[in-house]
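The chains carry the letters A, B, C and D, assigned in the order they are written, with residues numbered from 1 in each.
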Amino acid sequence: MNFDFSDEQKQMRDAARKFLAEKCPPKAVREVLDGKAAYDKQLWKGLAEMGFLGVAIPEQFGGAGAGHLELCVIAEEMGRANAPVPFSSTVYLAAEALLLAGSDAQKQKWLPKIASGEAIGTLALFEGKGNPSPKAIKLQASGGTLSGVKKPVPDGAIADFAVVAARTGSTGRDSDISLFLVDLKAGGVEAKSLTNIDPTRGQAELTFKNAKAEPLGAAGDGWSILTQVLDRAAVLLAFEQVGGSDRALEMGRDYALDRIAFGRPIGSFQAVKHILADMYVSATLARSNCYYGAWALSTNASELPEAAAAARISATQAFQHCSKNNIQVHGGMGFTWEFDCHMYYRRANATALTLGSLSYWEDQLIDRMRKKNAA
Amino acid sequence: MNFDFSDEQKQMRDAARKFLAEKCPPKAVREVLDGKAAYDKQLWKGLAEMGFLGVAIPEQFGGAGAGHLELCVIAEEMGRANAPVPFSSTVYLAAEALLLAGSDAQKQKWLPKIASGEAIGTLALFEGKGNPSPKAIKLQASGGTLSGVKKPVPDGAIADFAVVAARTGSTGRDSDISLFLVDLKAGGVEAKSLTNIDPTRGQAELTFKNAKAEPLGAAGDGWSILTQVLDRAAVLLAFEQVGGSDRALEMGRDYALDRIAFGRPIGSFQAVKHILADMYVSATLARSNCYYGAWALSTNASELPEAAAAARISATQAFQHCSKNNIQVHGGMGFTWEFDCHMYYRRANATALTLGSLSYWEDQLIDRMRKKNAA
Amino acid sequence: MNFDDTPQEAAFRAEARAWIQANAPKQYEEELRKSSLGRTVLKDANILEVAKAWQKKKADAGWACLHWPKEYGGRGSSPIERVIWQQEEGPFGKLSGMFIIGHGMCGPTMMAFAGEEQKRKYLPPLASGEKVWCQLFSEPAGGSDVAGLRTRAEKKGDDWIINGQKIWTSGAHYSDYGILLTRTDPTVPKHKGLTMFFLDMKSPGVEVRPIKQASGQSDFNEVYFTDVKIPDSQRLGAVNDGWNVSLTTLMNERMSIGAGVSTGFPELFDFCNSLMLEDGPAIEDRNVRSKLANYAVKASGLRYTSMRAISALSKGERPGPENSIGKLVAGSMVQEVAMYALDLQGAAGVLSGPEDAEVAGKFQAMLLRAPGTRVEGGTDEIMRNIIAERVLGLPGDIRVDKDVPFNKIPTKGRA
Amino acid sequence: MNFDDTPQEAAFRAEARAWIQANAPKQYEEELRKSSLGRTVLKDANILEVAKAWQKKKADAGWACLHWPKEYGGRGSSPIERVIWQQEEGPFGKLSGMFIIGHGMCGPTMMAFAGEEQKRKYLPPLASGEKVWCQLFSEPAGGSDVAGLRTRAEKKGDDWIINGQKIWTSGAHYSDYGILLTRTDPTVPKHKGLTMFFLDMKSPGVEVRPIKQASGQSDFNEVYFTDVKIPDSQRLGAVNDGWNVSLTTLMNERMSIGAGVSTGFPELFDFCNSLMLEDGPAIEDRNVRSKLANYAVKASGLRYTSMRAISALSKGERPGPENSIGKLVAGSMVQEVAMYALDLQGAAGVLSGPEDAEVAGKFQAMLLRAPGTRVEGGTDEIMRNIIAERVLGLPGDIRVDKDVPFNKIPTKGRA
């Protein structure tokens, strides 16, 4: 047993941290936050050059072929830096769906472009309010085309292609759902940017009007593939959330050491010390759950569904907790646009929802534990 | 508007507090806790002499005829003193059921005996695990007799009579349930004491074997009466819980002022100060919810169902919170049998369950708010 | 224990209701009703103008600053009458936001410390909303440690010359006057060298810059003072006694913020009553119900606590620091409520554009505004200290700066 | 990141499994499996005897104190092997309770500070369970302030004479030896006047009195010392250097309590899996599921945090104060879990008699034992301080007693 990342993986984390510290300082995040750009194109290019976009993509498809543990450490650093790039939609959702269910031709077409930074991908799943559910998918597939509306689609306005969940049956079973691959630049799809609480990760409405689409995976397998994609993305996004939690904790700790009130650093008051201690506790629990998720993801263990739900819940809670109490430790300053605290608060509350809400994953976790228990 | 008790009611509270401080010191509570007596008979007699047992019973039935606001202030003091007497079962449950649904003869028979301390009464509702529900009542009534088992029955082993919920129909509707009055000393009922977490308030199993019973209220009205009795008892018990919360807070505060660690009173550490501040907050919220409940109870307002549920939830939470954190403030000493902290912790966790659990009342509250909203 | 009006109260209520019915700006009622924490309230009108017009109308008819004496523009009403007014004013009360600081804090401070002539001059236009006041206490280096302020006031002839910077000044950009706490002696311990003034915000050398908040809105300002002149006649209280003067103001601040603070519960309950989840109405989901019930009893507990305080007030008891619980409880609650309301919407909860404004937009504004509630007017931690010390009688924190001259207190943490 | 055994680990596991299979007291397996926090575990046998017999059997076969050197009765195993052993020992590990303090705290302290001859004499019978040790640090006036202890040790010839009182001594009544922290110089600041010893618990003048806990059980004792003689050769570390000696012991204490602490989650999950509520199985109730999920991720988070610590240990990294989170999280969690398990039973949740023991009795014992977990081995508040100071590098609390002679520190609060 060795419940830790390897030295090589840690070196990769250090390299990513160094790269992002240089190329993605808070100033760069603010360019996107302030609406001056839809995402940080320079950074995206740099990430491709560093090999980070294709770290878990096999070499035959243009990636580094390193694996998912390596992707986890990169994800953590993306969260720590609050990187304003379509990393989660392209790498955790689109690339994972292709890896799981794509034909060789589909992989050959898109994966090298993901790895090189030429293509942004996403998953078009939701149709308005609600959590992942086959029932909620109304968008129709017929005769190789799709018609309907998806909303919200993460990074949908800047994506080149989308994996789209569509209805291909009406039996009321999971097998009514199939996945399709749509080239968003090929016509038939209209994208509209939507305002959202975290402008550093865009959201869009995609309207499909007889848009040409090719099947991804077998007909009727859509829901089963989606479930796996969401589990895998849950682990990866949880690493982002843990990276963000740690950064929020550090920001709060540093401020508490520097800021003087009543003649002493505010970090010498137990009230502040204990807020920070509790942040450390939740970030640590989340990290440990994530490590287990990383192991399950990287080995494709049968424990993955349970591990992914636990990592997602724990990391969502930790990031919300750390980002909000980082603001609290900063007092009034934390509540200004000028300080960076709110960027993490926004990201925390957005990532809490993008793969389905906390309540949804709580329910999923118990369902999965129960099934394991019964088995 | 005057959202406070009157000066006369406050004087009655002071009188009760003084009486209980003298007649019911922790030493007296320990006699029952240690199993040396089933309840404090001397205290019970004294309470009768002070007129506290019949404070809300009309004069024509031997009571003081003061009213329910007066009963609320007495209840608060009973909770503060952790009084080891069957007050809640006799006064909040049995007497309230009689007042609501008893015939004149039934009232004449039992209420004067309650007021004088000659009779202990109770409500036999539960039949094992679970919350109040018509479905859960299996005990059968037929031909003026009852057969079945009730468990747990508060103070059931020392009670002289019981209001018993029994099944008189099988339509699946609330009207399947009727109430009966049973003289427990008249034969046909076997009482067995049950060990419980708060030995200062007994619990029993009552086995009815063709026990003679007279109807209380109209046949089929049982569930409707019970609901009202439980609401009224919820407000009164909530006052006990608030009294207990306040006492636990005071104990913690006093200890924090007296106890020295690291060369200063532990109450000068923010960690301890803030624990106590949070206890104050929950006790205050509970008290305010209780005041509203008291108003609704005393005026029989249509808001009672909602107010009773809110008071019960808030007071249950406050008492659990204050009693457990009083132990925490006391450190190791709070965890000894010798210190009184655990008596309040036991009482808090017992009163949290005796009228149905927190989860049950949460559900009830929303149901009632929703109905009001729809109306 | 009585919730019914006395005959006098009933008469007052009827009068107020009739007048509001006849005079309130009804065209904004619906919009005001739907507004909540963190959301600008009117789409097609300048809320400041609407608010000023409504305040003036109230003042002209004798309905402004009910509890103030008549000679200063008030009505001399009882605390209960104020509550009745608030109940009747309903959503139109949300228009009073811009006057809260002037009426709740500056006015009472002026009443306690200004000369009679000044009171008669300045208070009536403050009551009527013709003049708006702000409060200039907080500083960048101050925060919870209000007395750590550095803005200097130096005596020069009959005037004081002010240099320094204030922060978190609500409404400074539309204010006519302000009350200002300054340091007049940095060589004595920090609480002992402060002096309070009021000043004309249009004085030369006063510069107001809006602060962009985390939410993107700008409700607060920084105010810079460069050689601003204030006549000594505008001093409030004795020289170097400013801390005592400010205590009145601060306690009033905590009370009024506490009373006005939103819990988010009514909005959440309404939302859950209409929301459909995958398996049915949200309100029938046991998890939703449990969470709602927990919020409900906090919200009702706060409501009734405030009623108890009003009852005490109307019997002549002084409002105590117990009122600090309002803001302490509501602050973190509104943050949780907002998060939970987004959670219930699933992934679409992130959306905050106008097309989703009715639902998501409301709670998202709440989410982004809520962190401020936990800080403004005293952080959660300061509130707990107040309760522990002033209500429960526990010892104060150990003070390392208490007897130290102000200019010897360290100003930086780690080197 | 690898959960699988290496070939060596697999071999070790196989050997351990086979030996346990052949030697463990199987007749108690079921009872031990069902036992949980706060419940005495065996109905028809003396658990102390069963525990001692099992420990001796392990020692004879080389399975006791795996991580200790062989010459002191251990096996010289790696940290991972210890974990594997614990996994394989399963419920029989619960029999080690009475040895935790001796093996986890007294042993390591002896190993670090006793002479070689003493180690060879005292450690093997401690490892084999033939001799039981206890730890005598806490005092009634001490609490979280361990260094505030008052038990005096005075030198008299080659001996020390001990007078005073200790408290919270687990197992003092069946212990053969103890390690004892005393005050040898009350005129210097409190951390500087302490000295550590070990002693024979059967020495004249040692009196052990059980403490009845809030739960009604007696797992701890008070120990009174009246002119107890300890030879100077049983001193551990230098005179007046006892605080430094004790730090090793205390950090070990926090770790072993942290690792062994129960969260109550497995018991709650099992319970909910079989419980029927009014509307159906508890496990299908959305409110139950939400609460379970929140507990589940805490429990798994703690489990994997401890695995990360073991991995670090096996690479030669020293265990840090990060381990404090185990007890901090589990302590309040087990209390909440117990309350919730009773809640799910409705009014019948109060019952704790043997007829309800399978269900209610278990969680009620947990409820009454849980407050102790939040205090023993460092309160929640001390744990948060440790994390804040030693992990996050925040400043220590302001210490008013640091440079004051011990006998000048106040001992009483309000007059």
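Just so we're on the same page, contacts are C-beta pairs under 8 Å (C-beta built on N, C-alpha and C of every residue); 3 or more make two chains touch, one makes a residue touch a chain.
Remember, it's a predicted structure, so these values are computed and weren't measured experimentally.
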Contact-pair overlap exceeding half with A-D, pair selected from B-C, B-D or A-C: B-C
Relative to chain C, chain with the most remote C-alpha centre: D
Whole-Å gap between the CA centroids of chain A and chain B: 51
Chain centre separation (chain B, chain D; CA means) in Å: 39
Contacts with two or more other chains, residues of chain D listed in rising order: 286-287, 289-290, 381, 384-385, 397-398, 400
Residues within chain A bordering two or more other chains: 257, 264-265, 267, 269-272, 274, 359
Chain D - residues contacting chain C, complex: 285-290, 398, 400
Chain B-facing residues of chain D, complex: 138, 140-145, 148, 167-168, 211-216, 275, 277-278, 287, 335, 339, 342-356, 364, 367-368, 371-372, 374-376, 379-381, 384-385, 397, 399-401, 404, 409-414
For the chain B and chain A complex, residues of the former touching the latter: 269-271, 274
Complex contacts: residues of chain D adjacent to chain A: 1-5, 9, 80, 83, 269, 273, 283, 286, 289-290, 292-294, 296-298, 300-305, 307-308, 310-312, 314-315, 322, 325, 328-329, 381, 383-385, 387-389, 391-398
Contact set on chain A toward chain D in their complex: 1-6, 69, 249, 253, 256-257, 264-265, 267-268, 270, 272-274, 276-278, 280-281, 284-286, 288-289, 291-292, 294-295, 298, 309-310, 313-314, 317, 359, 361-363, 365-367, 369-370, 373
